[in-house]
Each structure stands twice: as structure tokens, then as C-alpha cells.
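One structure below.
Here the chain labels run A, B, C and D in written order, and each chain numbers its own residues starting at 1.
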């Protein structure tokens, strides 16, 4: 018992073979599931926000099983910030484009003036684009929230 | 190589999951699989020789039904202990250690997960080759490593 | 006939979850509470599927169940990792 | 097929009940883990496979895909549950929860 405690204490916190391997095998499927939830938002429950949470959870899982540095290697802080801004930009950009083309904010049928596909198709496509934007933004914000809270803002050592 | 394999596994999973076969959703699926492959191709095949994954697949398929049967049997034993009115006489928790001869990390992890899934025993720690197992009863402790280790070795270790 | 079976199973699962709550509220250590939460989470995953069968809409509830199982796993792992880091039992 | 599904579901509920009783009755944390982690994962897998079989009873391609998804949950539980159990055990070891042994029992 004592020997075991010493052994676990000496080891750095991310060095657990079982948790590492299990998480490593799971993460690609989790990411694909998150993308699936975003893409199929208008046929099944879910959509941008839920899919973004699942995507962000995959990076959080990586940080939990290994450590913060490893998760930063897969998704650097700069890329994360850019992705968050791009997500918000997609959302507001679509809305503003609708408003500029003569509709209301996020009134997708106005987009019919660019490419005449019919207002119903444009509505479905517009919801899809907005959901992708929301998903990207939520993922990036979840991940950076976890990084900042887990490391106390220092980003070198953490949970 | 690892990228292509990851991509095809992901695409199979997507098609099974999506259930929509029009061009729009299929192309979105391909894009999603490419994204996942881009982000995490290092994760699924991490530091392993290339063909070992395919080679160990039939072995795993033979191993899993046996494991499931073992889990059911051991669960019935635990159910007997739990439902017994004088439960404290039946249990005798103890920590045991044993050394394994398995080499690959994946087979060590498979053995550890199998031990944990079989009720009555939990893998507490793996240190190099030494497993530490917390057992609920003496008889469960004595049955380790034995049969399970041999079967995992046959399924996953390279036959040299 | 099968509907009544599923309804009975759902009610039984709810009762079992209520029993687990005893361990969550009155567990001696904080790890007992985490364990109780994990057990309740596993039951919730199954309960969601049963509700899906009862509402005749399994394909929708499956997605929710997968997401719930995933978040339950992450919660347990995160709590365990917190104790691996901090190395003392708070509030005892 | 329906009878097999019903049998699997009832067996799963039985193991769930055993797991909960174990969590309530066992004397210390480590022994509770035995009941909680394992009876629960087997029970969850049994019920999930039962529901997948029930879903296949009126056969159609879309139902087949839904059953695949349900089986994916079973596979996920099969991998995730022992990992979570292992993580909690190691956390208990680190913060020094003392295991219950036979000697402590007053004769």
C-alpha cells in the first residue's frame, strides 16, 4: 500500500498508461461525433451549440488524459483564438449579409438575390452555415476556458 | 499510411452513423473525416508498427466473446456475495502483485481493462511489467493472471 | 405487452437512481459521492434509450444518450484528475 | 427476437439492482467500486443490446443503422467504464482512503 502510494506520487500526473490509451482510441470518434451533431443539426436534436460542446470536450479530454502541453500541441492557442473569431464572424456575417440584401437580420430568404435557389433552400442552407459558425465559436471558447481555468491563466502547468 | 487508415475508419463510422445518403451530406461527411484526420491522425495509430492493427483484429474478435462470458460468470458470483445476508464473512479484500510477460503497451492495457471489467478484481496500477490488483475475495485473487493473460497474449502479441 | 415491460423498466431504473442518491448525499468520503454520480449517469444513459423506445423515436434519443455517456465519462475523469493533482481530501 | 430482447433487458435491470445494493451495502470505498463499476457496465451493455434487438424487430435499413448507433453506445460504455473506475481508484489511493480489511472487524 505504502509502496504503491509512493510510486503513484513520484509519477507525473499525466503518465497513466490505461487512461492514455483508452482516451487516445476514443478521441477521433468523439470529434467525428461532434461534427456529425453540427452537420445534422436540422434533422436530429443538437446543432451548433451541442456539437461545439462535444468538440470542445474532446480537447478537454486530451488535456485531462495527457497534460496541457500535449493538448496545446494539437490545437495551439493562436489557432484557437482565430477559430473562435472566425466562428463569430461567420454567424454575424451571414446575418448582416441578409440585412444588407434587404431582409431582416438572419432572414435567409433574402439571400435568394445572390443565387436564385428558392427561399426554402436558402433557409435550410443559411441555418446550416450559421450552425457551423456557432459550433466553431463554442468549441474554441470551451477549449480556451478550460485552458485558462485549469492553469490559472499561466498556461504552463495545470490540471 | 496512418492518415489513410484513419480516414477510412472515420468514413465507415460516418456512413454507419449518418443514415443520409444524398450528395450534400456525403460530401460534408468526407470534409468532416478529412478534418478529423488532419487533427488527430497521430492518436489512433500512435507509435505502433503498421500492420499489427489489422493482424490483431481476428484475435480480438475471438477474445471478446470469451471475455464477455467471463464477465457474466464473475458478475453472478458478485451478485451472490451482494445478496448474501452475511456478506462481510464472504469478502476478504486484498492487494496482490504479479509480473506479466506481455510486451506491447496495447496488450497490457487490454489485460488491465479485462481485469477491471471482471468483477471481483480491479487493476490499481501498472508499473513497467508489474500489475497491482485489488481483489474482493481470495479465490478471485488466486485465479489471476492465468488464463486471461495467455488469451490476451495469443490475441495481441506478435508470434515470433 | 413490450411497452409495459419498458415502462416497468423505466420506473425501476428511476427507483434505483433514487437509492443511489442515498450514497451521493450521505457518502462518507467525497469519492463516494463521485462514484454515486457516475452510477447515476450510467443509469441515465440507459433510461434515455428506454424513453426513446417509449416515445417511438429511438433515432433521436440515441444521439442524446451518446452525448450524455460522453459527458458523464469526462466528468468522472476530471474529478479523479483533480484529486490526483491536489493530493488531499478537502473538507475533512 | 422479442423474447430475447425482453430477457436481456430484465437481466440488465437485475444487475443494475445488484450494483445499487452493492453500493449501499459494502463496507468501504474500494469494495463499493467493485459493485458500482462492473455490475453497472455489464447491466448497461445488456440493456442496450436488448434495446437494439427490440429496435430490429420491425426490420428496415434505417432501423439497422439506428441499432448500429445503439451498439456504439455499448462499445463506448465497455471502454469508458473501466477507465473511469481505474481513475477513481488511483485518486482514492493518492488521497489515502484506507481499505477495509478483515482484521478490523470486531470478533
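Here is the rule we go by: a contact is a pair of C-beta atoms (placed from the backbone, for glycine too) under 8 Å apart; a residue touches a chain by one contact, two chains touch by 3 or more.
Model, not experiment: these values are computed from the prediction.
Visitor: Under the document's definition of touching, what chains do chain B and chain C have as common neighbours?
Guide: Shared contacts of chain B and chain C: A, D.
Visitor: Quick check for the class: compute each chain's Cα centroid; which one is farthest from the centroid of chain B?
Guide: A
Visitor: By the contact definition above, name the pair with the higher C-beta contact count: A-B or A-D.
Guide: A-B
Visitor: Between chain A and chain D, what is the separation of their C-alpha centroids in Å?
Guide: Roughly 30 Å, centre to centre.
Visitor: Rounded to a whole Å, what is the gap between the Cα centroids of chain A and chain C?
Guide: That pair's centroid distance is 24 Å.
Visitor: Counting in whole Å, what is the centre-to-centre distance of chain B and chain D, each centre being its mean C-alpha position?
Guide: Roughly 15 Å separates the two chain centres.
Visitor: At least two other chains touched by the same residue of chain B: list those residues.
Guide: Each of 17, 19, 95, 112-113, 123-125 in chain B touches at least two other chains.
Visitor: When you check chain A against every other chain, which residues touch at least two of them?
Guide: Within chain A, the residues that touch at least two other chains are 1, 4, 8-9, 18-19, 22, 25, 33.
Visitor: Provide the list of chain D residues touching at least two other chains, using ranges where the numbers run on.
Guide: In chain D, 33, 41, 62, 66, 69, 72, 76, 79-81, 83, 86-87, 90, 93-94, 96, 99 touch at least two other chains.
Visitor: Touching pairs of chains, all of them, please.
Guide: The list of touching pairs comes to A-B, A-C, A-D, B-D, C-D.
Visitor: Which bits of chain D are touching chain C when the two form their complex?
Guide: That would be residues 2, 5-6, 9-10, 12-13, 16-17, 19-20, 23-24, 29, 32-33, 36, 40-41, 43-44, 47-48, 51, 54-55, 62, 66, 69-70, 72-73, 76-77, 80-81, 83-84, 87-88, 90-92, 94-97 of chain D.
Visitor: Once bound in the complex, which stretches of chain C touch chain A?
Guide: 59-60, 63-64, 66-67, 70-71, 74, 77-78, 81-82, 84-85, 87
Visitor: Could you pull out which chain D residues touch chain A in their complex?
Guide: 76, 79-80, 83, 86-87, 90, 93-94, 96, 99
Visitor: In their complex, what parts of chain C are in touch with chain D?
Guide: Within the complex, chain C contacts chain D at residues 2, 5-6, 9, 12-13, 16, 19-20, 22-23, 28-29, 31-32, 34-36, 38-39, 42-43, 45-46, 49-50, 53, 58-59, 62-63, 65-66, 69-70, 73, 76-77, 79-81, 83-84, 87-89.
Visitor: Can you check the complex and tell me which residues of chain B touch chain A?
Guide: Going through chain B, the ones touching chain A are 6, 9-10, 13-14, 17-18, 20, 25, 28-29, 32-33, 35-36, 39-40, 42-44, 46, 95, 105-106, 108-109, 112-113, 123-127, 132.
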